[in-house]
Amino acid sequence: MLLKVSIKNGAELKVGDNVREGDFLALIVDKGHNKITITSGVSGNVSYINKDLYKKFTPLDAGASLLKIKKQDIVVHSTEVKKIEDKLSFKTVFSNLLKSTGLYAMISDNSANWTEGIGKLLMISVGLLLIYLGIARGFEPLLLIPIGMGAVLSNIPLAFINDEGGIIRYVYDSGIKTGIFPLIIFMGVGAMTDFGPLLANPRTTLLGAAAQFGIFTTLIGAIILTKLVPGIDFSLKDASSIAIIGGADGPTSIFLASKLSPRLLGSIAVAAYSYMALVPIIQPPIMKLLTTEDERKIKMKQLRYVSHREKIIFPIVVIVLTALLLPSAAPLIGFLMFGNLMRESLVVKRLSDTTQNALINIVTIFLGLGVGSKLSADKFLNMETLGIIVLGLFAFSFGTAAGVIMAKIMNIFSSKNKINPLIGSAGVSAVPMAARVSNKIGLDEDPHNFLLMHAMGPNVAGVIGSAVAAGILLAVFM
Amino acid sequence: MIGNAIMLMFIGMGIVFVFLVLLNAAISLLEYFTREHTRNEESAMAEADLARKNKKKRKSMPASGSHVQTAVISAAIHAYRKV
Amino acid sequence: MLLKVSIKNGAELKVGDNVREGDFLALIVDKGHNKITITSGVSGNVSYINKDLYKKFTPLDAGASLLKIKKQDIVVHSTEVKKIEDKLSFKTVFSNLLKSTGLYAMISDNSANWTEGIGKLLMISVGLLLIYLGIARGFEPLLLIPIGMGAVLSNIPLAFINDEGGIIRYVYDSGIKTGIFPLIIFMGVGAMTDFGPLLANPRTTLLGAAAQFGIFTTLIGAIILTKLVPGIDFSLKDASSIAIIGGADGPTSIFLASKLSPRLLGSIAVAAYSYMALVPIIQPPIMKLLTTEDERKIKMKQLRYVSHREKIIFPIVVIVLTALLLPSAAPLIGFLMFGNLMRESLVVKRLSDTTQNALINIVTIFLGLGVGSKLSADKFLNMETLGIIVLGLFAFSFGTAAGVIMAKIMNIFSSKNKINPLIGSAGVSAVPMAARVSNKIGLDEDPHNFLLMHAMGPNVAGVIGSAVAAGILLAVFM
Amino acid sequence: MLLKVSIKNGAELKVGDNVREGDFLALIVDKGHNKITITSGVSGNVSYINKDLYKKFTPLDAGASLLKIKKQDIVVHSTEVKKIEDKLSFKTVFSNLLKSTGLYAMISDNSANWTEGIGKLLMISVGLLLIYLGIARGFEPLLLIPIGMGAVLSNIPLAFINDEGGIIRYVYDSGIKTGIFPLIIFMGVGAMTDFGPLLANPRTTLLGAAAQFGIFTTLIGAIILTKLVPGIDFSLKDASSIAIIGGADGPTSIFLASKLSPRLLGSIAVAAYSYMALVPIIQPPIMKLLTTEDERKIKMKQLRYVSHREKIIFPIVVIVLTALLLPSAAPLIGFLMFGNLMRESLVVKRLSDTTQNALINIVTIFLGLGVGSKLSADKFLNMETLGIIVLGLFAFSFGTAAGVIMAKIMNIFSSKNKINPLIGSAGVSAVPMAARVSNKIGLDEDPHNFLLMHAMGPNVAGVIGSAVAAGILLAVFM
Amino acid sequence: MIGNAIMLMFIGMGIVFVFLVLLNAAISLLEYFTREHTRNEESAMAEADLARKNKKKRKSMPASGSHVQTAVISAAIHAYRKV
Amino acid sequence: MIGNAIMLMFIGMGIVFVFLVLLNAAISLLEYFTREHTRNEESAMAEADLARKNKKKRKSMPASGSHVQTAVISAAIHAYRKV
């Protein structure tokens, strides 16, 4: 089964070492770049090691015996620190230090596996590029700076920041693998979001629904790419994770990818946040192409007053609806609405404030670092990432178009209270960027036509819509 | 697999629409049942707003013979006399 | 032993699957609604599964063989994602989605076990009721809103928010089971509390002691209920956890219950916070009944000035006393006093501020969610919860009465510096609500008699008193 | 092997109890005060216990059989709470309570092992001393108060705050053993540090380098002490951890000690922070001794303007340099520079603010508690701690001297742009205390010569310098 | 079991009282030993308070011939005349 | 072991110096390559500073016959006439 794989990172065991059940023994990489972790099934003593095989980058034959462990029923583990009594010679120390430079590691490991050598250098550059985009170009800096830094730090050779015991690995395992961080972010987003515009004009939920079309067409696109392009091999789960980029919602994308396709998490998160930052560039041409000047000038009637009571009951209604119809979306929508309830209830201001500030900020930093740690050369520098980037663009474009077209369809059926189709594009979420784009294009046509608040309706409906879409995909595949 | 993907699209978009249409309906019901309350709250808010604005006006434009104005005037006079 | 129990949640294993020691195999519920988790004692390969028995809601006979695991000494675990290559048929997907609606799950599971069906619906309603009480009635909203939301989210069928791997389960396991969250809350409470009034009038410690009488009488009450009422079966540990409700101190109640009776934690926390919110309704009639008009008009002499030095040394003194006499109360009192020391030392203002704000707020949110997750139908919808609610009321009433009576007794022995017995009721803690009640009743009799600062003395003494009581119960049962 | 050791804390098992693999069985202390934890190597049933041996403080002979466990392949664990049905007699309860007082435990345990009796009392006093120094003497109160409180709480007998399941143990295991807390603190320090003065006068990096001389001379000193003083037995790893005190950087010291010598962590952290607080007392005499009045009056030319762009690129440059040359320093320097990048980028103000406030404050509290938990009598009350205190003083003095002398050497080679040697001492880090000391001594000579900003250059270079030194030591020993 | 519960009540309330009576005593001792310091601190605080109040007064009534005072005086005169 | 410690000192201090000398060089390069930008930013900052100061000056010193005083006086006169 493990034909011709290579040990990547020997556990550095010696004969006589104690091993507990569950202890790490070796990490093996097969040809498909899948990592296979070998752990001990017993507790005991290492009684034999095959020194020829048990070292880095050595190909293994099927059936090879790596090591033997003698089972013991009582495991003794002492905190006594073994002292290095043997003399360190100057030459040894200097050569060890030389070998512990990043430069040396990159060059020497590169000969065995380019993803461990030049690949790391390239990924550090990718990280720096993300930081540059965040700072100099203003691309979602709150996420792209931590993600970029996570990529840089995780790819430093011999720093082990993203290895067992490294801080970013802890962060990833405890916050992202478990889905905790995206949910807390969603709680913070809920606490920062005013659903009033949606409540004032509930018809705009339909725009938020239509814009999810981008998600499902992209799913088809991903499968087509798999068929057509060699080097791209997306399963249906992968395709679903990629497709959710079209939801234009970072935490939802990360949550879904961490459940369905952890290996693609890095590329997907980077694509999602990059395209969210590019909304002002991607959407306008599509919006103009699909609307006439008259349509873009439609003035919508002022939004009605929404009472506090409605705003308080609304999150409860959404949660109940989710519980009845789509429980798999309940974590995402539940935490979003919990945050919103804290906000609107007005009686837990201190909780709401902390959720909107300290809590979401702390989690954002670590979410970014953790996501960045998935940007490794073997997972990122391949055709699939290219595919994801192309598909992401499609996802956004289709979602935008679907939202605009939906608004036009709705106008056919209602003669009064026409909807300005420019607010349809805001249904992709990307709060509040997409709503601002709608507003700006509207002002370009008519400087007195402020669409911002009208566009916030589909915008926040889009957040719910993509969480619903994520719930559906989870329900199908989990 | 493309068949599966297409099917997923239909089912998925269907459920998204069902969910959000139901949400639409729920919001409308919510509006309907809180209509009375909303009206009261709105008018109360409007009144409070008005009251606050008046108060502010009074504060920033103490034109109506208050003692602050008096002080300003007398200060001015005093300054005049000094000259 | 496991006669006629039913598998509630099969682990969905297939023959050939890898199993590690400690992996979850099945969850079985016995007639007493105790959940029995079956985990693997070995690592290896599933070699046989009894398909007739190994499925949901199937009654098991004693001695039945569920599955066999072939032990392996090296366990291989690959991250390779298995692809779903088999076609998903429209009918299958649609039926799967239908089965994954909450509505369907409730109805179908209800036939097997009402606590999994209608029970969940009822518990969601209980959660919504708590949220309503928090928002509309102002019942301790900082806790009841998160608790209510925790109950709602945890009871959504098929959302698995409170199951292994779900966020609220993580929160509960890492924050409440370990006792960390209540202790951090206590640290925050310490940082927010001014013990000055107690230092100025140390006699009021006696009132804080007397009010703990409610705790111990309730303990007796719980045992009596066990004898008299069928369906109520409290052990001494349970009774102790319930009794601490009379301490009127949320974190202390949660801390103790999480150690002694986790199964009752939900009901106890809900009862504790609800009655704390009801202090202004429960206490006044008792206070008036036990005092004469003249007593209620007693004016107390102004509190002396308390120096910073005293305030700084006080927390140290309390910790040393606890260390010498009652170490089991040291976690609670230690963290309370640590928070207070940070506050009073004046040199670590930034730590004190964060403890009082960001930290306590974050922990409050997650404490609430975690506590709410214990509100499950099988644990909450029974006679025992009813018993707890009745007993909680008793606990508060007895504590209030004992505090007032103690003040009257103290007045017998001291002719000058009489104590207004109205401040005795503040000894139950419920800071600062109980002190405000004392003040209000005092003002009702004599509009110039401000008792607030005088009542703060027994009020903060009550916090220490109930932590001491909790320590005693821990020392007896742990 | 385990000759004449004693069981310190029996797991209180009975015949028939279930045991899972990995469960705690006993804690044994050998003569070297090393704690040896014995855990079960199998899952099963306890079938035999040697009651003569399996109790507290009983000497064990090699080969003694403590208990036997019958292996079971399926482990059943029920949540059913076993009820205490047997009557509690008044006498038993009272005697149990008496035995659960701290006083009793100290006295009774003292006879078996003084570190468990009077030792705990002494360590509580040490904790109180640290708190006193923090509050009354202003010695780094942000750290010394939590550390002192950690020492107090951890040494309360029978409170189990620092034992398996205790809150401070959780804190230590999850935050300090993993290295997470020091790194987050470093991130916060980075977000609070302005590297502008260093960028304006990059030559001062040399001063930051020279001051690390204190570290490496102290390393030699520690080894000499080992040779000369009986009762002191530092390995090279220990010596390295001690030496880093000379880096005058708390988080770096804690990070290194937690990796190389956890047993000395408490003493090292306390020494590091104490001496950092003593910088204004230790440094001036050395600085005056090594400089002439003329040198102390040297006026340095005003620092040039540093652009935002430089400040943004600087952290990236430092990270890249670290990645290429010294990856083992990458966690420390990476997080320091990540914090600084968030600060200087100006586009993620909310993240930077939270990092500088809520996050660093929360982590500081728990870091302190966790460090304090390492202050146990057996690890602290010995000659080694005394040695560490002496060595720490040496480390600071040598570092100060080396910085000053380096400045004088640099002045030999550059005729214009002379450096005032007083800023050399700031190279030890201890930001910003050391820079303030330079400024003060400068003002003493010439009241118009403000050296503060000039001294900030070597000061922040010293932070990088000691992180580099830590990286070197990690690279050699890990 | 009721016997156990009653016993727990006596022991429990006993210890609670012992603990809090000792705390009472400890606080009294604390007061006694810091008496001197407290007195000093209190008087220092009182003085500081007084100083602050005076300063405030002075600020709000800058009696040293400033234009604000002038304004106040003239306002007073004006008010007089009005009478 | 002392031999090891001495060796560690030489190697350690050597690497510390190499690292920080390289950092020195890197910073100098950084300064060199951003020289133009820094100059521009500095002058832009100086101008902005100047503008801000002027604005402040105007605000805080209206004593020199500025329009604020004028306004007060004229308001007073106006009020007088009204009387």
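For the reader, a short list of remarks on this structure follows.
We just call them A, B, C, D, E and F in the order they show up, numbering each chain from 1.
Criterion: a contact is a pair of C-beta atoms (placed from the backbone, for glycine too) under 8 Å apart; a residue touches a chain by one contact, two chains touch by 3 or more.
What you see is a predicted model; the values in this text were computed from it and never measured.
Separation of chain D from chain F in touch steps, taking the shortest path, is 1. A count of C-beta contacts for the chain pairs A-F and C-E puts C-E on top.
Sharing over half of its contact pairs with A-B by residue number, the repeated interface among D-F, D-E or A-F is D-F.
Farthest chain from chain F, judged by C-alpha centroids: C.
Averaging Cα atoms per chain gives one point for each, and the point farthest from that of chain D is the centre of B. Taking each chain's centre as the average of its CA atoms, chain B and chain C sit 39 Å apart. Inter-chain spacing, taken between the CA centroids of chain A and chain E, is 55 Å.
The centroid of the Cα atoms in chain C and the matching centroid in chain D are 35 Å apart. Contact with two or more other chains is made by residues 21-22, 42, 71, 88, 93, 97, 236, 325-326, 357-358, 472, 476 of chain C.
Residues of chain B in contact with two or more other chains: 1, 4, 8, 11, 15, 73, 75, 77.
Chain contact summary for the complex, chain B toward chain A: residues 1-2, 4-6, 8-9, 11-13, 15-24, 26-28, 30-31, 34, 37-38, 41-42, 45. Those residues of chain C lying in contact with chain D across their complex are 2, 21-22, 25, 30, 32, 34-42, 69, 71, 178-180, 183, 235-238, 261-263, 312, 316, 319-320, 322-328, 330-331, 334-335, 338, 341-342, 345, 347-348, 350-351, 353-355, 357-359, 472, 475-477. In the complex of the two chains, the chain A residues touching chain B come out as 198-199, 202-203, 205-206, 208-209, 212-213, 215-217, 219-220, 222-224, 226-227, 236, 239-240, 305-310, 313-314, 317-318, 321, 325-326, 461, 464-465, 468-469, 472-473, 476. On chain E, the positions that touch chain D within their shared complex are 1, 3-4, 7-8, 11, 15.
Of all residues in chain A, only 20-22, 42-44, 71-81, 83-84, 88, 93, 96-97, 100-103, 105, 124, 128, 131, 134-135, 138, 141-142, 145-146, 149, 152-153, 156-159, 161, 165-167, 170, 357-358, 361-362, 364-365 touch chain D in the complex they form.
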